[in-house]
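For clarity, chains are labelled A, B, C and D in written order, and residue numbers in each chain start from 1.
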Amino acid sequence: MPTVELTYREALRRALREEMARDENVYMMGEDIAIYGGAFGVSLGLLEEFGPERIKDTPLSESVIVGAALGSALTGMRPVAEIMFMDFITIGMDQLINQAAKIHYMYGGKACVPMVLRTPGGSGTGAAAQHSQSLEGLLCHIPGLKVVMPSCPYDALGLLKSSIRDNNPVVFVEHKLLYSGRELVPEKEYLVPLGKSEVKREGTDLTLVALSVMVVRALKAADKLAQEGISVEIIDPRTLVPLDLEAIINSVKKTHRLLIVHEACKRGGFGAEILSQVEESDAFDYLDVPIRRLAGSNIPIPYSPGLEKGAVPQEDDILGAARKLVG
Amino acid sequence: MPTVELTYREALRRALREEMARDENVYMMGEDIAIYGGAFGVSLGLLEEFGPERIKDTPLSESVIVGAALGSALTGMRPVAEIMFMDFITIGMDQLINQAAKIHYMYGGKACVPMVLRTPGGSGTGAAAQHSQSLEGLLCHIPGLKVVMPSCPYDALGLLKSSIRDNNPVVFVEHKLLYSGRELVPEKEYLVPLGKSEVKREGTDLTLVALSVMVVRALKAADKLAQEGISVEIIDPRTLVPLDLEAIINSVKKTHRLLIVHEACKRGGFGAEILSQVEESDAFDYLDVPIRRLAGSNIPIPYSPGLEKGAVPQEDDILGAARKLVG
Amino acid sequence: MTLNKNDLIRMYKQMLTIRRFEEKVAEFLSQGTIHGTGHLYIGEEAIAVGACRAIENEDYITSTHRGHGHCIAKGADLNKMMSELLGKETGYCRGKGGSMHIADVETGNLGANGVVGGGIPIACGAGITIKMKKLKRVVLCFFGDGAVNQGVFHESLNLASVWDLPVVFICENNFYAMSTATKIAFKIKDLSLRAASYGMPGVKVDGNDVLKIYEEVIEAASRAREDKGPTFIVCDSYRWKGHSRSDAERYRTKKEVMEWKKRCPIERFKKYLLDKRYLTREMTEQIEWEVNLSIQEAVDFAQKSPFPSLKTLEQDVYAN
Amino acid sequence: MTLNKNDLIRMYKQMLTIRRFEEKVAEFLSQGTIHGTGHLYIGEEAIAVGACRAIENEDYITSTHRGHGHCIAKGADLNKMMSELLGKETGYCRGKGGSMHIADVETGNLGANGVVGGGIPIACGAGITIKMKKLKRVVLCFFGDGAVNQGVFHESLNLASVWDLPVVFICENNFYAMSTATKIAFKIKDLSLRAASYGMPGVKVDGNDVLKIYEEVIEAASRAREDKGPTFIVCDSYRWKGHSRSDAERYRTKKEVMEWKKRCPIERFKKYLLDKRYLTREMTEQIEWEVNLSIQEAVDFAQKSPFPSLKTLEQDVYAN
């Protein structure tokens, strides 16, 4: 199968390009996505290719970005809206939570809102408390939203295409530190379905569920742990809602240990939900030790580089947590 | 000790009255709180007592309600802002999450935001999906916010007073179905500290942690369970952040079983966090059976009365869940 | 487009239908037959009817918490409406939405809204669809005076203006947002002034004059269809009833309410039609009878309909 | 209040301080010495200096992501500023805030803001405090043209107006929000027109004319102090540098930038002062020297300062 090396950024761009070429109802809107190409360059070049009608620069107005996207989705379009930083979904939160997420249900199933909201989350760029949050946990709590969080170019491409084809509001959470990561992906078109996790590394001693950039850190940690004789199985849920719980359960039944790693603040983060669902499943009986979460501190992201790193799990933290769980 | 019977609504009003009388920096703002007395009548009469300068009716503008409250808190006042329905905190979400919650930390501890945001949550009034949510889980995920959820008049009064005196942004979540509930409370002034749970009923077979209106339902269920020979200990955390985990742990060590009950949607609700914190604590070793959550369905609140009831735990559901856990 | 006699009579009948429908809802609310809350449109019938008569079936509207009038004026089925209000499976939303969420996207009603101002950006979105699909349609976006102070009003009118979206923004100014008088929520008296901020035309119109509203909306809609952008129309009117189920109405005087009742939009239109001899006394009685019958039928239909089964509870959270 | 020669020279020096400070920041950004992003105020110095000179020490300001200029003009300590930018324990926020969160509430700087428009309602809140405590102070609320399209702008200006809050809203219109030109984000050319929506005075002023800005703010501030309500002032200016650290500036031409550079607010003010003979060539050299020294001192201070200890990581999430 012929492959091509793409960055996560390029993978996203290819997904957007392919879906816009395939379906004329797909269009993009957001702040500075056209000539600027988006704050992280994802849509660079698409303006030239698809023109300003389909690559729409909006005024600086997050609530109407979300609301207008949903209004057009409700009437037949398939918008891909961008919120420049995940922190600012809070400004469009009413439209997202009270409108987009609920319309299908409130209207008795008689209308749907096929929209994608792309937004970059995460820390590590020195942008401090208002530009570094991982707020996916808030969205996972809201019925009606799907939440997707790819950790690599292959998934980014395939999941974004599936998200665009999905008939529900999908929040597609990218990670700033992943944009430049590269990977070989098929030249041929492919999809990655929503709701299917992937085993990113097989192992026997410990199941490690990692989200977004934590998958990358977990893979590195797992290499080191392998040298110590600890065999880690890494599962990337890829979509948090719907969650592929079964894959996690099956892995736990094999390894008898579970560690969940995410960047978002620990308290009320999605790790608590994964932990709880496993606790409530029949995997519980297979656990040799209690499930553990490794997650961001319960603090706003600080600016100073050392503090910023200290606020969220790094490779060493994963190593430590894994050793403790297995040891 | 002389007592007086108060409804939850009256208890809140008394707290507001006492704190406004005690400290001239305390004032209220919100939609229709003055002459109308608030959508649920909590502030009725306070306009006459304190005048329009301190009981401020705002235009219909939730973001500036939150933002202006925080701005005045930052500069020396102690505002008590009201958002008419909890669902609409989503409109002031940026000001709440990105500003109020983070300022103390972002400014290196050099300023603080002593404000209270009162808001009623919960279903049961036939107001459907956009007026019935229990969104406290979102707030608990955000460092810097405190989250309070009283279940009875005594606590409502004492906790609201403590919230007003607290130097942090406190979201004070009332429940629509509780407003008319009555209870004897001391005539004398008293406070209930934030971060202290209360054992609402002692028991030996099962620890039941219930939030807000679920405490009322749990108490009723516990009466029936007692007749069946099942002794339930009911803990009301009262404040979710900070959480009095110790009390829960101690109870679990005694009863060996834990059931968590809340109205908010199960997925990503605060029950997952409580479950996880207990799992991670030394109480884990004392558990005879896995911890269970009983919570709202993962759906928007439907309108039709039967569906609405079916969407969130009722007394019978608690009975069923408790029996299953003990049996 | 001038209205002929039949059009006018249809409009009159529609206004009356709204009035009688709402009176029935008021009754159900006070009896507890309707379990949620309800916001009645009585007194404001001219706006929905005048505006919706100015558009075509395939055009869109977005509505509000006070939405029954818009719904009826857009041609809703009274049976399905009443069923929804009673929480029945046969309702527009299969009992899941209730008064504040009635919608019928297929016939262009994009929905009532429980969030004040919540429908405004949605109207922009429908405008985007129209424009991108070159449909030549228009969106009427209804909202109250209270909504005019929501941030999303601002963002939406600006977007509609810079993108020349085919949206007519119609503010139903009944001088109160719940208890909050426009005179305390606004420094300006004429809300239509706000159009200038967005470089779009703004007009103020007597919201109890159904024909005047019709004319303004016709003009705005034709501008919109010609790609000349949105318009902001403010219709001054009054709500006769309390804000919702429970409202002690401490914020206004009986006298003020009485004054406005004298300006009843339906009586006024009726008088006009009688004066013009488009209508006779007998015809009005016939209309009254037909209207009452249709409401009664809706009530019967709704009352006979089943409640949704608990099996539907977790259905339709996600679309396939 | 007329400015004497010393005042004018102080203003000139302050403008120059901002310029040199930002040039140093630009250097640090391109070297990677500053690890986050940074939004430079170069080209817009007249606004902060003209406006802040018109208020007193105890008055308040709210600032933006492009906030260094406001900070300096409000009298910030350069050492603490530079330390914050380098993420040091001695910075205004003890290294926790960085460029977008520098604040000094005690001296009236309520803070920069990473959220566009985020500071506007906060300014209203400070206005409430002033009014309730009868302090006779005023709040200057700075924001960019982009922020004028945020919902919270709308809600805040309306609230300030209906409550007659002592706030002066100062829009720094540099014709772009990141890459988005005002001509595509607004249908109107003169943003100050928006004041009319709130029934407050709106003025447009040359944002490169420090004295004109000073005059308008003096007038607005005195109205505010007399309880006559807020004012909306739009200052047209230009940002010389890219939006933030990485900006290919594809959205504007070199020529446009060159044109604006010719209208340099500092050169212009310098010429005025030289023409008036308030300043001599030697004095300007002396000032330049002093300014450079103060920046150098700040850099030295910051570079010598320690990074915050990891022990502080979880401190100050909650206040006691």
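Keep this in mind: a contact is a pair of C-beta atoms (placed from the backbone, for glycine too) under 8 Å apart; a residue touches a chain by one contact, two chains touch by 3 or more.
Since this is a predicted model, take the numbers as computed values, not measurements.
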Chain separated most widely from subunit A, comparing mean CA positions: C
Centre-of-Cα separation between subunit D and subunit A, whole angstrom: 36
Centre-to-centre distance between subunit D and subunit C (centres being mean Cα positions), rounded to whole Å: 45
Distance from the mean Cα position of subunit B to that of subunit A, given in whole angstrom: 31
Multi-partner residues of subunit C (each touching 2 or more other chains): 93, 95-97, 101, 113-115, 118, 149-152, 155, 158, 162, 184-186, 317
Per-residue multi-chain contacts in subunit A, two or more chains: 59, 61-63, 87-88, 91, 94, 98, 105-106, 128-130, 143-144, 297-300, 302
Overall pattern in which the protein chains touch one another (line/ring/star/complete/other): complete
Sites on subunit B touched by subunit D in the complex: 25, 27, 53-54, 56, 58-59, 61-64, 66-77, 79, 94-95, 98-99, 103-114, 143-144, 146, 167-168
Residues of subunit A defined as touching subunit D within the complex: 31-32, 34-36, 39, 57, 59-63, 87-88, 91, 125-131, 297-300, 302-307, 310-311
Subunit B-touching residues of subunit D, taken from the complex the two chains share: 60, 62, 91-97, 101, 103-106, 110-111, 113-115, 118, 120-130, 132-133, 151-152, 155-156, 158-159, 162-163, 315-320
Complex contact set, residues of subunit D against subunit C: 149-155, 158, 161-162, 184-188, 193-194, 196-200
Subunit B contact footprint on subunit C (complex, rising order): 34-37, 84, 87-88, 93, 95-98, 100-101, 113-118, 146-147, 149-152, 177-180, 184-186, 247-248, 250-251, 307-308, 310, 312-314, 317
